[in-house]
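By letter and in written order, the chains are A, B, C and D; residue numbering begins at 1 in each of them.
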Amino acid sequence: MNKEIPRIGVYVCHCGMNIAPRVDVEQVAEFASRLDHVVVARDYKFMCSNPGQELIVEDIKAHNLNRVVVASCSPRMHEATFRKACRKAGLSPYNFQMANIREQASWVTDDSRLATAKAKDLVAAAVGRVAFHRPLQTRRVEVNKSVLVIGGGIAGIQAAISAADAGYKVYLVEREPSIGGHMAKFDKTFPTLDCAACIMTPKMVIAGQHENIELLTYSEVVGLEGFVGNYKARILKKPRYVDEDKCTGCGTCMEKCPTRRVPSGFEEGLAFRPAIYSPFPQAVPKTPVIDAEHCRLLAKNKRCGVCAKFCEADAIDFDQKPQYLDLTVGAVIVATGFAAFDPSSMVQYGYGIYPEVYTSLQFERLNNATGPTAGQIVMKNGQVPRKVAIIHCVGSRDRNHLPYCSRVCCMYSLKFAHLVREKTGAEVWSFYIDMRSPGKLYEEFYNRVQAEGVHAVRGKVAMVTDIVDDPGRGSLTVVAENTLTGRNLRLPVDMVILSVGLQPAEGAGEVARMAGISADGDGWFTELHAKLAPVNTPTAGIFLAGCCQGPKDIPDTVAQAMAAAGQATALLAAGTVETRAEISSIDPDICSGCKSCLQVCPYNAIYFDEGRQVAVVNDALCQGCGSCSATCPSSAAAVAQFNDSQVMAEIDAILA
Amino acid sequence: MEASFEPKIIALVCNWCTYTAADLAGTSRLKYPANVRLVRLMCTGMIDVKYVIKALLDGADGVFIGGCHPGDCHYINGNLKARKRIQGVGSILESFGFEPQRLALRWIGASEGPEFAHHMTEFVNTIMQLGPNPSKARMIL
Amino acid sequence: METFLKNPKGAHEAVRDLLKGLLENKLADAVLVAARTPYSQLPMPMLIADGQHLEKAVPLLPVAPFNAARQAEALLRQDAGRKLALVLRPCEIRALVELVKLNQCSLDQALVIGLECYGRMENHDFLDKYASGEGEPAASRIDEQLLCTACRTCTRCVPETADLTLATFAGGLEKGIWLQAKTEAGEQVCKDLELGHKDMDPGHRQAVEELKAGRGQADRELVEAMARAMASMEDFQKIIADCINCYNCRRACPVCYCKTCVFVTDVFQHPPEMIFRRAEKRGAVKLPTDTTMYHLTRLAHISHACVGCGHCTSVCPAGIPVADFFKTVARKTQELFDYIPGRDLDEPIPLLVFDENEK
Amino acid sequence: MIYGFFPGCAYQAAAGYKESVDAVCGLLGIELREIEDWNCCGATAAFSRSQKEALVLTGRLFALAARQGFEEIVTVCNACYSTLKKAAKLLDGQPALLEQVNRVMAAEGLLLEHPLPVKHLLEVMLRDRSRLSWPRGECRLPEQVKVAAYYGCQLTRPWQDVPRALRPDILESLLEAAGIEAVDHSARTLCCGASHAVAYSGRCQVLIDRIINGIRAKGGNLVTTVCPLCQFNLDQGQQGRAGDKVPVTYFTQVLGLAFGLPPEKLGLKKLLVPLKRIGL
């Protein structure tokens, strides 16, 4: 029962031209002024502006209001703003309610009469409900001063370094044997053409040696629970069969291993590796792993153990078992990156059929000084190509595959074009749908590459075939239409590069589930707000970095990684977080001890007090989902801000 | 003055998915019937059967419940609990002559603004065809 | 095993012998059984510790002012360090099972003796008819028409989870009563009391079938009639028109287990302006408010667990057939959740279990 | 096994197609029972004139087949196959169209509830192989014969559901089942220009040469087709050809040879590019 009589102030926002013309705000304010307990009701151009907020503050004092309603945009936009204003005037921020008359009325309704009617209802609902609001108590709880970074690509590495430099413990988890991700495979980077290794390797080394960073390579996150400031993560360390502490990284084992022809994932299948391997020379850590599937001893259990015989450090350990690590961290940065689109499904481009058709990642390796050809752009037969075709948007902007633009394939294709021209002098034909070069120095790079004599053809390639009209002029024919000239084209070439699109990394969905973050239709993780919270997720304390949130180039990835680290460390620096006020509590005088709530609570946040035979909420664990309140027939369990009286008052007012 | 029937619909939606989708529909300026009144809850899992009963007894012409797709619930499985509860109360209300179509449960994900608008339009049309809530005219004791 | 408890004085005496035996052999420290107080015509649930008092026990009389499950719960709420034997009707046992599921009590210290139940009369009918106790019916069957509606339409009149069952339907009640052991505990008791085995009266099964068949018919007719009678909110309002919000029905209900009903908490103590608003909206509003809300909510909360004992109707001062519309709705909800209340301790309560693949 | 067979107009005249089909089917225990009173499917021409008329032509075939108790229609011609598939897709999706067609066919007392599945004999042989009397013995086709499978454009596009439409391999699988290892080439579904052979023979020549060259480049010395139009066009299209000619056969002719059936029963004499070029 309401002891204190509510004194409510209602503020209807014009939001410039966003609400006002469609919704008759004066009428709504006048309507509000006649509602029960409303002491003052006004309309104003921009409630979120300083004068707007001041208006509230002054009224609270002048009319000693004890409840405030603002009718404007979505609470997901400005609830925090107005709660602050209330607090500033000495009013509990929880004695506030917002009515969303922009996203849910003015913006979605043509008929201004209906929009106004809807706005009135929503205001009435807010007023009806706010009368039942109570000041809520929150506690501050310690934030664990460490960060978990999931994914060891450039995004994860940068985020880890930034957070570690800020003085916080960082756990960097990477499922491959080495950190580095995709960028480690690249040779040059657009538009500046500086060598990827030259800028990447130092970062990897820093990450590897940083006293605040604990590298967990060849490991995966298999469990994640808890809440902001206090996440519990379970890490699976896959058996390396090599003792990281003993191994000196001398590499003898790799030379001696009798199994030699395992296709190398890092080399995109262009080269082979032994069963005991370290993916690439600059790998961090250097410690190799034994690939149990191909190891003669582990897989076929033949008598082998050659690696062990030659290992002077005696680091080989065939008895290693999977290990589980349980970490407690204050924040989590998700940087699971992307996977390159596999073009084998697009039979018309002949990938996997014609040896001289390469994916972009394969071409990166072909270019790379440490790659299978030591950086020579040559065909399988060792000869230098005379004519190379580069096909943009393979899989991208394609209803049958990836509907969206990969954001990087135009630029890296131009980079390829440049490299081919520079290294081989070969003729380069680039087939594009639209040339997209938005970014600092990108357009300039495009112009430069054009000037280098690259033929750019606007048109999607129909097919690549090994049927050639003149065998002397290349082993492949690219069939396409030049949509600018309207002419069909049968272009003989020696080599075709497929600039494939980007898709979410394998297993990203699992990570999303564990972290309780959502993904869009294409599988990219959704940020809290597209513009205003690009690295945050709806789950406090979990941040996004890099391509896991959407296709990105390296500069954007690094920027976002630093931003994510910034957000995470800001949270840690604060030292404590305010506990959620909107959580459940159980009235022991009403509870009948039936334990139903214990059964439905997804967080085991309710325990049973055997002495009093009642259920009790652990407010550190409760997330406020209300499973218990909806299950409890006597409503002994109730979520603050969402209790029966408040919700039913809202419904009551809408239908009054 | 029996003007054209403007149904009033109470939509009990979860903060994370359907409410977000509604905002998205707004920012995308998608138009849908103005008859819907959203009541924002943290999760469909907190929807008490009383809310549904009250809304219909107080004359709502329809009750729409929108939550995250199964598996996507921000609170792991609140939506699954809701689904079962709503089935239960639905079958009860049905025995008292409430058409089952007056109570709808749909999954609308955070990024599904267009779907939100679509479901609203669809539901409002259904209610239009059903006509006003029979209990509306009568005095409810 | 089965056996026949002989006693020339008839069934009630035979039951008393059994219970006396339990007490004397320390198989139970006390017995909960319907018995007369020195002053009452109606048998009340009585906790009997001394065999002397068993002479007043009349569990087979066709009347019961309570669903004794609530009294049983009170005694079994926590371990009292005593063993309790309970003589209960099938609907009482079903309710008790639901209460155990709801963590309200435990059967660890209980020996449940169920009786095959011919049904009960409404208290006032019983008193009118047998005020003097003259010509009081023996344990045997009485005219169905004398029974309350719930019992007349009850097909679950044979105990389903009792340790021991008093097989009233097997007949021979003037010479004693048949006893069946349904659980290990029950078997043990029979051994301890050295009750020899005797093959069940062959007529028993048929008697049960016939009774159930007749009741089933009555049940279907009732539910169909009721479904028609409450086909719209307006119809339903006519049915509950005289409700005075006394909440007796939920107090009498053995599965309405809430210590405090939400309808007597702050949630429904509306601030006056809210009630005025309702009056202004509809022109007038009946007080107390939320009567329909109360009945619908109760249906939503526990119709799946309704054991059909009918006590809600019996206690209603306004003569509202609460049990009838509960039965009608429960039929649907229990079918929907494929749930049969009181059948099995391990059968989970529907609203507490859910999974992604449910439709 | 008995199949509802739609021969199509080009079948009878096709060089040895009928002979070889009869011979091979006889051997395998396949009975192709002609749909009685069948009519021309209308091919692409009918559709380019009027969709409704085209759908009546095809609809009638489905209706007849259904009435004669067949559950699917088997063809031996890509054009028929493609046309029927297209019709089936349209009629399945749009009750209105089906209604129109039925109204016309009512005059004949025909009613079509739903179109039947359409299969090429090639697909049927592959699918039902286990239930056919497939010869056990090893392949009788001489070593030096290098068979190249040619599908043409209409078997896999645009209405069909043959996997890897642009580089199918079901014909290769069938040949393999007869012990023939087909050459791996890229001309499988290139258009041979058949439908323009008369109007633009010059342009077609380029296409034909491209196909033949593509096959020769991969060591193929015998083309095998699944369609009268393809066979005829590729066969006669080589007459003016300067370079080495390659015999163009029907898949049933090659199967026949592999199974060791007497050549004279396979109508091989009717081929324009003679088989003796490759010592047959």
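Heads up, the rule we're going with is that a contact is a pair of C-beta atoms (placed from the backbone, for glycine too) under 8 Å apart; a residue touches a chain by one contact, two chains touch by 3 or more.
Computed from a predicted structure; not experimentally measured.
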{"item": "Greatest separation from subunit D - chain, by CA centre", "value": "C"}
{"item": "Distance from subunit B to subunit A - Cα centre to Cα centre, in angstrom", "value": "31"}
{"item": "Computed distance of Cα centres, subunit D from subunit B, in Å", "value": "56"}
{"item": "Mean-CA-position distance for subunit C and subunit B (Å)", "value": "38"}
{"item": "Distance between the centres, which are taken as Cα means, of subunit D and subunit A, whole angstrom", "value": "52"}
{"item": "Where subunit C touches two or more other chains, by residue", "value": "262, 301, 351"}
{"item": "For subunit B, residues that touch 2 or more chains besides their own", "value": "49-50, 54, 71, 77, 81, 85"}
{"item": "Of all residues in subunit D, the ones touching two or more other chains", "value": "none"}
{"item": "Chain contact graph, described as a line, ring, star, complete graph or other shape", "value": "other"}
{"item": "For the subunit B and subunit A complex, residues of the former touching the latter", "value": "6, 8, 10, 15-17, 19-20, 22-23, 25-27, 29-32, 34, 37-43, 45-51, 54-55, 58-60, 68, 71-72, 74-78, 81-82, 85, 109-111, 117"}
{"item": "Interface residues, subunit A side, partner subunit C - complex", "value": "1-2, 36-37, 131, 589-596, 599-600, 613, 631, 633-636, 643-645, 648-649, 652, 655-656"}
{"item": "Residue ranges of subunit A in contact with subunit B within the complex", "value": "74-76, 100, 102-105, 107-111, 114-115, 117-118, 121-122, 125, 513, 516, 518, 520-521, 526, 538-539, 582, 600, 602, 623-627, 629-631, 635, 639, 642, 644, 647-648, 650-652, 654-655"}
{"item": "In the complex, subunit D residues that touch subunit A", "value": "164-167, 186-187, 190, 210, 213-214, 217"}
{"item": "Parts of subunit B lying in touch with subunit C, wherever the complex brings them together", "value": "49-50, 53-54, 57, 70-71, 77, 80-81, 83-85, 87-89, 91-98, 134-135, 138-141"}
